[in-house]
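Input: a single structure, listed below in structure tokens.
By letter and in written order, the chains are A, B, C and D; residue numbering begins at 1 in each of them.
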Amino acid sequence: MIDKRVASLADAVAGIEDGATVLVGGFGASGVPVELVHALLDQGTTDLTVVTNNAGSGETDVAALLRERRVRRIVCSYPRSAGSVWFEERWRAGEVELELVPQGTLSERMRAAAAGLGGFFTPTGADSRLAEGKEVRVIGGRRHVFEEPLRGDVALVKAARADRWGNLVYRTAARNFGPTMAAAAELTVVQVDEFVELGELDPEVVVTPGIFVDRVVRVGAA
Amino acid sequence: MSPGVRLEMRDVARRVARDVPDGAYVNLGIGLPTLVADCVGHDKEVVYHSENGILGMGPAPAPGEEDPELINAGKQPVTLVPGGAFFHHTDAFLMMRGGHIDVTVLGAFQVSETGDLANWATLDATHPPAVGGAMDLAVGAKRVLVLTTHTTRAGEPKLVPRCSYPLTAAGVVDRVYTDLAVLDVTPAGFCVREMVAGLTREDLQGATAAQLSFADDLGVLAP
Amino acid sequence: MIDKRVASLADAVAGIEDGATVLVGGFGASGVPVELVHALLDQGTTDLTVVTNNAGSGETDVAALLRERRVRRIVCSYPRSAGSVWFEERWRAGEVELELVPQGTLSERMRAAAAGLGGFFTPTGADSRLAEGKEVRVIGGRRHVFEEPLRGDVALVKAARADRWGNLVYRTAARNFGPTMAAAAELTVVQVDEFVELGELDPEVVVTPGIFVDRVVRVGAA
Amino acid sequence: MSPGVRLEMRDVARRVARDVPDGAYVNLGIGLPTLVADCVGHDKEVVYHSENGILGMGPAPAPGEEDPELINAGKQPVTLVPGGAFFHHTDAFLMMRGGHIDVTVLGAFQVSETGDLANWATLDATHPPAVGGAMDLAVGAKRVLVLTTHTTRAGEPKLVPRCSYPLTAAGVVDRVYTDLAVLDVTPAGFCVREMVAGLTREDLQGATAAQLSFADDLGVLAP
């Protein structure tokens, strides 16, 4: 019997270890698994490498992890935004290491990990200083840079609905990094708004099949 | 040059919009380029792409109708038009990186005469860097248009022989639209296609660090 | 105004040139764009490179192209099957060149083309004779072989429904290679069972967004 | 060895089924391995994957209920169970290649004592080659089980020091189930875990080209 539903946010993040690489979904405030990130914060897990598109804003989610000095390293495409105060503070003080990755390369590197690839060549960034120290190869007359797969120990993802097998559907643009991150981590933890019965999700419409999902928790549950 | 000769950037955006073909798949960079969508005529059906997984992005919703998850690359609320679709980030960037976007309009700090683009980082190292989808779009779109003021606020030329700012991508820019001129990047460098009225060739060259050539059928850049 | 619908199968394949590389969807008899392949046959196009998982069966689709000597080269993972008589005949006679590719690598190479990548490293096939002549690199202690992107001049795809923008949904396992091939070709031609109005396909459920599609034809239309 | 000592392959499949854990995501190779699905008890919930884009593949449909598009890797009609999902080929192989499949059961021409697998091509060059998903599964599944007769029809051993047939993948096989024994591939070579009743260690070694060791707790291989 497969039942990936867990009863609480604490159960959802249980066992995530200090030093883990954590993929955190979301783009701006869309699709961010806020409650899961705060559960991780409450659990006290620290020394994290966080892979995420933005570095949080204000006092919530990744910004809160940065404020509480739980993040050793951040792999990110756009850490700077209105309200990314805690990232800027920690970065300026040299307390957090930043690996800046073009957004498409960030996504593609996680997909490469999900697909078991050893890496790929892309023209994105090949002419830029982000290619420094990396292998560059001319393919078809164009410079390409070699990019390595980027795997997570954990992925924290937000979706709309799940069944007990962990099949997921998302809502509008909140889908963003979810499907790729879910497939790229050893342990994938998902927060959803709603549980549905097995068989209720149309098989043509499942976006993330349950094979990629380990734990699902409903947020806002009593 | 005489003051007031420069166009408003909104009018330059209107000029860009005239070059967006009917039926095109278009990605507009954040900031100034988003003005272009408002200027594309209703006689054209253009499909807007957003890097966060949207095709068929529509205008801003009415106040109170915002969906906090349905945002554009600049994190502003948007809508979806009939025929639109959602997909995940990796597919969104496959479209950008794989040559599926017909036209992108980007801002720039500098453009070089060989089409190099610098639009992601300044030389200010006290500011944390951020790149987003700038490099993916610059290398991947079929046609890269740049919409920018001709000079910086301090009056320094943005069209240069060689970029001094960190490169986004080399040799990618097809055409530049400024408040003074429309210029193509050609194998021989910048070629001016249109200039605003009241400007001399010498004025324009004076505001440009790169060497300019002028099209035989040089036109007037008008809103 | 975007309207990718064309009136006839002949219009759908018009302009496909001799010598083209044609990606043909389908797995076994599932999801094969039979009518489009026969339209290409009727048009007389020849000297083709065909990229497809199986080499056809009996007298239909790719088997018919082989019978009529329209195929110079076939890139394929499993050309041998019950009924692959014409492939075997032409192959034995040395009349068709075979590039054998592991099925996942075939699919991944087309995706790499779709994604603008210059190639990737995969462990699949790295220990086998299919890696002969290719770059092999040890990554993370494991042998990987370098595989190049595989792009089509044309893709022939079968889907269930389309709107005038070319948005597509598929039916059950007939989806197979369709979404990847549609994205990996210069000209993507799709046959569908049904046209629907723009806006009728749920935006959460579109599998192939119209950006990848150039022409759509309804089969069985009067 | 005495005739009749060999198990029926259907019974060996039943033995394999016992090793499939509850909740596992499983891909069964075409041919013999498909027998395993029929033998997995209803006390377990196992999700079957098919390379053509199916998770939650169910048994064959009732006659007359076949959907010609809904087939398995062997091109036979199948069904979908509640909780199942369809996806495209590249995602199906991402699951296989990326370590998402817990268990795969494959056939074999030969398995070497270092876990090399040869199961895709014979030495007969007059036959066109075909590989399908064999290599993807062999390198990508978390656990690779082989289900095969212990010897060929001609009586030649399939468990060998080194494969003479073309390799599918090197060092990938975890366990082999034959009509004579269950053997683990260990750093020290094949280790016999179970043998059929009525067979001596010498008999088994005689039917095997590779050197065998025997587990301390050697068991009986029974249906």
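Basically, contacts are C-beta pairs under 8 Å (C-beta built on N, C-alpha and C of every residue); 3 or more make two chains touch, one makes a residue touch a chain.
Given the structure is predicted, the values throughout are model-derived calculations rather than measurements.
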Taking touch as defined above, what minimum step count separates chain B and chain D? 2
Most remote chain relative to chain B, going by C-alpha centroids? D
Any idea whether C-D or B-C has more C-beta pairs in contact? C-D
Taking each chain's centre as the mean position of its Cα atoms, how many Å separate chain A from chain C? 33
If you average the Cα atoms of chain C and of chain D to get two centres, how far apart are those centres in Å? 30
With chain centres taken as the means of their Cα atoms, state the distance from chain A to chain D in Å. 35
Chain A: positions in contact with at least two other chains: 108, 111, 115-117, 122-123, 170-172, 203-204, 207
Two or more other chains are touched by the chain D residues 80, 86-87, 93, 97, 139-140
Which of the chains are touching one another, listed as pairs? A-B, A-C, A-D, B-C, C-D
Contacts from chain C onto chain B in the complex sit at residues 1-2, 111, 113-117, 163-165, 167, 183, 198-199, 201, 203-204, 206, 209-212
Listed in rising order, chain C residues that touch chain D in their complex are 27-31, 53, 77-81, 87-88, 91-92, 98, 100-105, 107-108, 110-111, 122-130, 143, 170-180, 207
Contact set on chain B toward chain A in their complex: 50-54, 67-71, 75, 80, 86-90, 93, 96-97, 116, 120, 126-136, 139-140, 166-170
In the complex, go through chain C and note every residue touching chain A. 108, 112, 115-123, 137, 139-140, 142, 144, 169-172, 202-205, 207
What does chain D use to touch chain A in their complex? 22-23, 25, 45, 47, 49, 55-56, 80, 82-87, 93-95, 97-101, 139-140
